[in-house]
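Take this structure first; my questions come after.
Chain nomenclature is as follows: A, B, C and D, assigned in order of appearance, with residue numbering initiated at 1 for each chain independently.
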Amino acid sequence: MDVKELIAKRVAKEFKDGDVVNLGIGLPTLVANYVPDDVEIVLHSENGFTGIGPAQSGEEIDPDLVNAGGLPVTIMPGGSFFDSAMSFAIIRGGHLDATVLGALQVDEEGNLANWMIPGKLVPGMGGAMDLVGGAKQVIVAMQHTQKGTPKILKKCDLPLTGAKKVSKIITEMGVMEVTEEGLLLVEYNPEYALDEIKAATEANLLISDNLKPMV
Amino acid sequence: MNKQITIEEAVSQVKDGMTIMIGGFLACGGPNKIIDALVAKNVRDLTIIANDTSFVDKGIGKLVVNGQVKKAIVTHIGTNKVSGQLMNEGKMEVVLTPQGTLAEQIRSGGSGLGGVLTPIGVGTPIAEGKDHLIIDGKTYLLEKALKADLALIYGSKVDEKGNVFYNEATRNFNPMMAMAASTVIVEAEEVVKTGELDPHLVMTPGLFVNYIVKA
Amino acid sequence: MDVKELIAKRVAKEFKDGDVVNLGIGLPTLVANYVPDDVEIVLHSENGFTGIGPAQSGEEIDPDLVNAGGLPVTIMPGGSFFDSAMSFAIIRGGHLDATVLGALQVDEEGNLANWMIPGKLVPGMGGAMDLVGGAKQVIVAMQHTQKGTPKILKKCDLPLTGAKKVSKIITEMGVMEVTEEGLLLVEYNPEYALDEIKAATEANLLISDNLKPMV
Amino acid sequence: MNKQITIEEAVSQVKDGMTIMIGGFLACGGPNKIIDALVAKNVRDLTIIANDTSFVDKGIGKLVVNGQVKKAIVTHIGTNKVSGQLMNEGKMEVVLTPQGTLAEQIRSGGSGLGGVLTPIGVGTPIAEGKDHLIIDGKTYLLEKALKADLALIYGSKVDEKGNVFYNEATRNFNPMMAMAASTVIVEAEEVVKTGELDPHLVMTPGLFVNYIVKA
């Protein structure tokens, strides 16, 4: 299985029936494909609707119905449309059970940086600051390193998207929880040795007494 | 009161140096025909308030590429590489704002409120220089209300009184912008007779709209 | 003609085509009956719609469509429904051209009191404070005195609904404008002598050089 | 996820001393059947947040008459003479709030905002003891966000996911209250199958609604 698919599949196990979830652009979007059949989640699209369905296919594309990445999608029965103020009232108001986002950097305090690299890349935060600040659970889903360079740090040095908001980091190497004591590895991918995972992580990685293989 | 005007009459209201709100989310639900006419007219030194700067060849993106934008107050510029270039070269000022904050700032401007008290952005670079208020133990940023000389919005179905229905995900920032500008022009995909819109489906009451341009 | 009808008829001349107007409960509601045929105004109901039409009649009353006084009314073609937040965004945001309200007291500075008599009558302000604070023009429409006791004072002594917000007072005796210099009588009802009007007014009443009979 | 419960199950969630938001405007668009059941159950010491205290024999008015309300945060009590009596006797605390301010306070509570910066009420008794902020030369009151343990709202058509359509003027405070309470129960005039509501007509997305009671 592709590494991104592996991560998405593991993230999909985080949800319980009825959860309201916003999936970021890129890898997080894949998560929707792996939600178990007996779990029904409400997918929120920050450009203004609930009930994101599969991508549009066929010859006639409806340009009025796109996701936050601008791609034509569908809406499921039971969905609803609203404006951006309502969309972010949902996010900021604590009505999202979880958001899944990528990161440039994330650290052991739960700080997250994913909106700019000064002097280089300044895409902007879009809805990410609201998502990180507002969702009950902030799950970072990403590859463990950037081509070998750690992204899970002791302290982010890029401008933050949100301070101390991340609850969980899920990568192809394992699942880490942000706790009062620090970053706790609770699941690991048996394809990697623990030392290998530690070496790929700049943050101090605590190992759970109850460490399990990643499933 | 006949609110319908031609696209030429609409564009004649736009002057160099104006502050203009433009609806749309990556050009979905944007007044793209009016923008094309603005590009042709080549008005300059505009301050644009919008969700994003779209793509180089779509909607607001064309205004940016044509060098007509002096300042952009937006949430995201990552889909238009010219925006980043102009920003880095100091040719266009870019104020990046969290999407939910921008939506509320515009709504506040249209609602007679002084600003927004939001927890989003606290502890990040966007909080620098802004007033912080502590209310019941929680810290909020004071983000000021936004207003504009002109709002250019898009409507899927607009009646002769200016009542607007937005189809699917085209609603986004349009309803708030319709409230916050001295003059509001809606680019109507379809103009219908007064009484043909179900009053429950009116998402922007006609009282906000000054002019209607048939797309 | 009944005194209330006389006042309502005069108030109705204040509007121009396209004005958005909120009429208070009681006497102000009567104004709608006298708007000239060539002037089309948009009537705003603060409980959540535009386009108030005549009262419902007949056997089947629709309880879902009432005005701010709780009375069953109708909606005109081109009307729209919205929630209370939008309704007051319209009011507070300066989107009402005029509001017409009654008063317990009004004074020469444009202060208005109409929501409580301490220790006696405390109905509450409902939407009145927003209307007085938000409308572009605040017109007080009332009988000139309370059974002979002046209601137009030098200084209100009841708790204020709004400070320095009233633009015009229309009674059965005349039309008064609140100006920088004081309260200016611009029209009078020829059925009353000027001295009679002055005697019924506690406020210092300036007489316009251009005083006209009330029509 | 089945959100439908009986009226008995709904009422069993209401405990003495709770803070409850109740939708409706003079009982139009109010959860009047659930209120009747609360009167029968005789829960006490309630703090009620609502537009008004209705009439003595309608909706919230019955809770007041039955002495169940310890504190009422409302805009108007004039239509229920018992409210004024209880207030004057010191048996019920009444916090009178301008209608637009109340709507925004509730919306803020539901949107994760710290409060409302409104010019309404400056210079009147309701400004006493409240923080005044001067922003760009204009004075605003800081009115804090409101939240509740429970919101009891009314919906004309509700689907199985909790998506709500409000008919005509029944919308009023219901959508904001649905956002601002820990638990939200909607009294549905009609329950329809998921997919039967046009997603454009959903005025409260189902994610806000915990339980549905068929009226």
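Here is the rule we go by: a contact is a pair of C-beta atoms (placed from the backbone, for glycine too) under 8 Å apart; a residue touches a chain by one contact, two chains touch by 3 or more.
Quantities reported herein were computed from a predicted structural model and do not represent experimental measurements.
*Asks:* Higher C-beta contact count, A-B or B-C?
*Replies:* Pair with more contacting C-beta pairs, A-B versus B-C: A-B.
*Asks:* Which chain's centre, taken as the mean of its Cα atoms, is farthest from the centre of chain A?
*Replies:* Centre of mass proxy via C-alpha means gives C as farthest from chain A.
*Asks:* Using the average of all C-alpha atoms in each chain as its centre, how far is it in Å between chain C and chain D?
*Replies:* Whole-Å distance between the two chain centres: 28.
*Asks:* Report the inter-centroid distance (CA atoms only) between chain B and chain C in whole Å.
*Replies:* About 35 Å, centre to centre.
*Asks:* Using mean C-alpha positions as chain centres, tell me how far chain A is from chain C in Å, no decimals.
*Replies:* The mean C-alpha positions of chain A and chain C differ by 55 Å.
*Asks:* Which chain D residues reach two or more other chains?
*Replies:* 104, 107, 111-113, 118-120, 167-168, 200
*Asks:* By the touch rule stated above, which residues of chain C touch at least two different other chains?
*Replies:* 49, 75, 81-82, 88-89, 91-92, 133-134
*Asks:* Treating touching as the only link between chains, describe the layout with one word: line, ring, star, complete or other.
*Replies:* If you draw each chain as a dot and join those that touch, the picture is no line, ring, star or complete graph.
*Asks:* Can you work out from the touch definition every pair of chains that touches here?
*Replies:* The set of touching chain pairs is A-B, A-D, B-C, B-D, C-D.
*Asks:* Please give the residue numbers of chain A that touch chain B in the complex, ascending.
*Replies:* 45-49, 62-66, 68-70, 75, 81-85, 87-89, 91-92, 115-116, 119, 121-130, 133-134, 159-164
*Asks:* Inside the complex, what are the residues of chain C that reach chain B?
*Replies:* Going by the criterion above, the answer is residues 17-18, 20, 40, 42, 44, 49-51, 75, 77-82, 86, 88-95, 133-134.
*Asks:* Across the complex, what residues on chain D touch chain A?
*Replies:* Contacts found on chain D: 1, 107, 110-113, 159-161, 163, 179, 194-195, 199-200, 202, 205-208.
*Asks:* Touching chain A in the complex: which residues of chain B?
*Replies:* 25-29, 51-52, 74-79, 84, 87-88, 94, 96, 98-101, 103-104, 107, 118-126, 156, 166-176, 203
*Asks:* Mind pulling up the chain B residues that touch chain D in the complex?
*Replies:* These residues of chain B touch chain D: 104, 108, 111-119, 133, 135-136, 138, 140, 142, 144, 165, 167-168, 200-201.
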